[in-house]
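Chain IDs A, B, C and D follow the sequence of writing; residue 1 opens each chain.
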Amino acid sequence: MVEVEKIREEARRLLQEGQVRGVIGYVRGPQGVWAVPAMIRNPEDVDRLVWNPTCVHNLVLFVVEEKKEQARQKEPDKRPLAVVVKGCDSRAINVLLQEKFIEREEVILLGVSCENSGVVDKKKLLNLVPSQKIEEIVYGNNGHIVAVIDGERRVFPPEEVLADRCLECQANFPVVYDHFFGEKIKKEAINTSPGVDKIEKMRLEERRRFWEEELSRCLRCYACRSVCPMCYCTECVVDPISFAVEPTTTAEEKAKKIKWIEKSPLLSENFVYHLVRAIHLAGRCVDCGECERVCPEDIPIRLLNKKLEREAWRLFNYVAGMDSQAPSLFSTFKETDPEDFIR
Amino acid sequence: MEHNPYLPQLARIISIKEEVGGARPIKTFHLELLNGHRFDFRCGQCAMISVFGKGESMISISSSPLIKEYLQFSILKMGRVTTALHEMEEGSIVGLRGPYGNGFPLEEWKGKNLIFIGGGIGLAPIWSVLQTALRQRDDFGQLTLFYGARTSQDLVFKDELKKLKETIPVYLSIDVKEPGWNEYVGFVPQNVLDKKPSPEKAIAITCGPPIMIKFVIKGLQELGFQDDQIFTTVENKMKCGIGKCGRCNIGHHYVCKDGPVYSWARLKTLPQEY
Amino acid sequence: MEKVLKKSDLGQWVARLKDFDLYGPVRENNHWEFNQISQLANFPEDYTQVNVPLKKILLPNREVLFQFEDNRNGGPYLQEVLPEEREVVVFGVRPCDARGIVLLEKVFSSEIPDIYFERRRQQVYVVGLSCYPLPGENCFCLSLGGGPFSTKGMDILLTKMQSKYFVEVLTPKGEKLIKAAPEYFFNPTDKDQQERQQLERKARAMFTRQIEGVEKIWPVLSQMFESPLWREESYRCLKCGICTYLCPTCHCFDITDEISSTAPLQGKRVRVWDTCQFPDFTMHSSGHNPRPDKASRLRQRIMHKFLYFVETFGDIMCTGCGRCVSKCPVGIDIIDILNKVASHGA
Amino acid sequence: MNSEHEPKIVAFLCKWCSSAGSDMAGVSRLEYPSNVIPITVMCSGSVSPLYILSAFNLGADGVLVSGCHPGDCHYIKGNMYARRRMALLKELLPYIGLEPERFQMSWVSAAEGLKFTQIIKEFVKQLKPLGPQTQLRRSL
């Protein structure tokens, strides 16, 4: 079991000793049991930190944000950041290290094990119990999730309430960390993406219809992009303007910024947006599943990333985020890479 | 037919003059509406210029409303639309809608001394007032112009300024020394403090880069100008021009309809989101 | 005018509205949306609230304003494009969404009227459905002068009772809809009246979320521009558009040119949804951004709704639908923020 | 399906090989269908999947990326990187319902004018029965 008191102790020590400029962790949110990300800067505040099955967010996003913020500051605090990472989150750290977006010294990783369980899918749980009544959500035994409702403990088996990404996860403890909390319990191998199987079994027209239905709902709120720690580009193909405007940027440079797709949520543009995003995340997506969780329109975005995850493994034996020293998927090749598709 | 506020009228570029070259070029365009349509406006108002396929830009009208033959816009090449405009030729057709904004309260300034303080492209909105005041010379007291730019090359309306000097006091300045320049060297606010215009019965109208405006206002206050004697314009990003799209929103104001002209007395009550 | 309609007659009545395009709540994956329907037998028991509010019909996320193309002489030729003429009935609109229209009208029908919005508004008939039980876990309309049985912005309000719908016909447009099948509508009995009143009382007692003293908010807000609250509350903000895109009152938009051919030039000028929460919303061409960070953008969202709009239109630009709270991926909670604001004033 | 449909093919051709190969075809007076819109690039490795998606978005019925044979890359290994990227894109497109024939890759050297014409002929033949590509195509 991960003891939250131990995380707090470590966070307190790091802050008291001034080793870190802050601790990015989870705290109880304004809506009762549901945790939200927070930056803790004072040792007095570390008791706000929580660890429970509602800690769904990938906090590496805030490492990225802090890094960008630092670049804007004249005299940034160069001390590292402590950040609570789950298995998937830690793999995101590895990708950032691989891509040299951050250096290892910039973060102190408080690794937590998901211990044969995972995080809760709020939608699934709320279909079973009304939100207002839940007082607490904690880990039970054998990956079970316990919700305290009206003082009573209700135990849910993982397959009923865990997020799909956790049910499909095979690496449920951090691969990189400085401090580790909990136990490394290796999960049983399961089908890593039944959703992809389903689509692969469809006929071409069915697939097209499936994705047309799903992607036609996209509002282009960009929550999927905003929540993704790998979507750190200052200039994104979907933006009509570049954010990398300096006083020296000429009008021509700004005018030449290619408008790859229209801002309108037309189906064709939604397709291109999601495909470009998927391919840009190939070999980088660690399946933290945040894009799909945040989508207000319930678009199964993970199915795109999971497909490429599967192909990267099948074609190139590549898994994202396992090794910060290894070259990334697209920055290397093997002589033996498949080329039977090339004429 | 119901009025469609988003539908531009077509206008022809009847002349283009290069004011400033180099990396931050400025050109002055004269436009006339097709089919002889009129375009009535007040000093300080703006118009939305369309380059079809590129988009729209809100530009202040720099000619006097008393001139009916053309509308004048002096445009700094800045982004997608203005770059396209700079690439256009005389005779090209653009879209025009407006006018937008409140404009300067010229009626209230009758009999007053007007002090114009401009920097860079900021002379454009001021120019409209200045030209109007010159045409209605008896309605106003003394007219004075302070105008500066980074270099002598960056000054707009160079020829017009030469002529203007024969009629009113014109104090030019450039930021750094240049051979052959025998006027003031330094920033515009400093030039104003140096010449000490009197606040007596005066209105100061200032327009230019935000940092210049900030120090001009400070300087004017030092010289004894009251906040309601100082006017400036605010430029926020705009899209609709009619207070709906929410882009130029500052507090409960929409710059496109409640601005762009503000007395400092009024502007200082708004959040600093410009 | 008040009527009752047998539950089993709903479908019959709707079938008579052949001259209209019909919209109603349709289940999609895990949520509801207003989609075009051909019939409506009943409102499903598990119908809560649609994801994208009614504004998607009045202010669609893409509206073509006009087309442009080069004519033979090389100059541009413009063709105005107005919304197609079709009358639309939307069923199952919750009171918060209907009140949203009233607020949108203030923006789009004031001063210089917006011809596109007005056309669509004239063509839309709103058939509401009162809220019992409450549709969302974060409903707080009661705190904002609304209510689970509010009729503002509606042409008809239906209340689901034991065996009937209580039908409040509120406008001539509503009457027109009833007249399509008058034989199904009866005058309510005293018992019907009582049943409806009782449901409303019960619904009003169900609210768990509220703002304490909403009238305190705007005077306090006007003093809070520099408050550290905005930075604290926005730290976890993702800069996405969920809160505003799903808001029944947020209406900010962008205008952009879409080209289908460059030579000869052919394209459309369209307006598309945009939001003050996107970093580029206020960014000038020069790169200068008057609202450069998440704190200033969260502040803008709250201030616009609870201060600026009040100053301009005398009304709060929020109907308490709770979507921005329920749908925020990082739990940014407008109710919580407003209660914190109110406590600043205490 | 419309067999009359004349497909539009956008072909990203490496300047050092395939582009020269297409020239070779022309110089040798080899005939091939005029359905190709060639875009010469510095290396097949410089072709971002975004370009390919964008070509489909702007109305291409088929897209070809053609580079140097393994070992022949002017920049040593650009084509090898391209091979990886395109392998994944090749899997992704049919996954969302786009006909696999619509995106192809080939190695064509500067000397292989004949091979170039054969590839184009075959490509056109495969695309014709599919009709216009509408899935990713922007229609306003």
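In this section, a contact is a pair of C-beta atoms (placed from the backbone, for glycine too) under 8 Å apart; a residue touches a chain by one contact, two chains touch by 3 or more.
Just so we're clear, the structure is a prediction, and the values are computed from it rather than from any experiment.
Seen from the Cα centre of subunit A, the chain whose own Cα centre is farthest off is B. Counting C-beta pairs in contact, the pair that comes out ahead of the other among A-C and C-D is A-C. Annotation: 31 Å between the Cα-based centres of subunit A and subunit C. In this assembly, the C-alpha centroid of subunit A lies 49 Å from the C-alpha centroid of subunit B. Subunit A and subunit D have Cα centroids lying 35 Å from one another. Those residues of subunit B in touch with two or more other chains are numbered 78-79, 82. Multi-chain contact residues of subunit A, defined as those touching 2 or more other chains: 241, 251, 254, 262, 266.
Counting only residues that touch two or more partner chains, subunit D has 138-140. Interface note: chains touch in the pairs A-B, A-C, A-D, B-C, C-D.
Those residues of subunit A lying in contact with subunit B across their complex are 241, 250-252, 254-255, 257. Contacts from subunit A toward subunit C in the complex involve residues 29-31, 34, 36-39, 57, 61-62, 123, 126, 130-132, 217, 219-223, 225-227, 239-241, 243, 245-247, 249, 251, 254, 262-266, 290, 293-294, 296-298. Listed in rising order, the residues of subunit B touching subunit C in the complex are 2-8, 10, 50, 52-56, 78-79, 82, 93, 95, 210, 235-237, 239-240, 242-247, 249-252, 257, 271-274. Subunit B contributes residues 23-25, 77-80, 82-84, 86 to its touches with subunit A in the complex.
Put simply, subunit A touches subunit D in their complex at residues 199-200, 204-212, 237, 260-262, 266, 268-269, 271-272, 275-276, 278-279, 282, 304, 307-308, 311-312, 315-316, 329-331, 333, 335, 337-339, 341-343.
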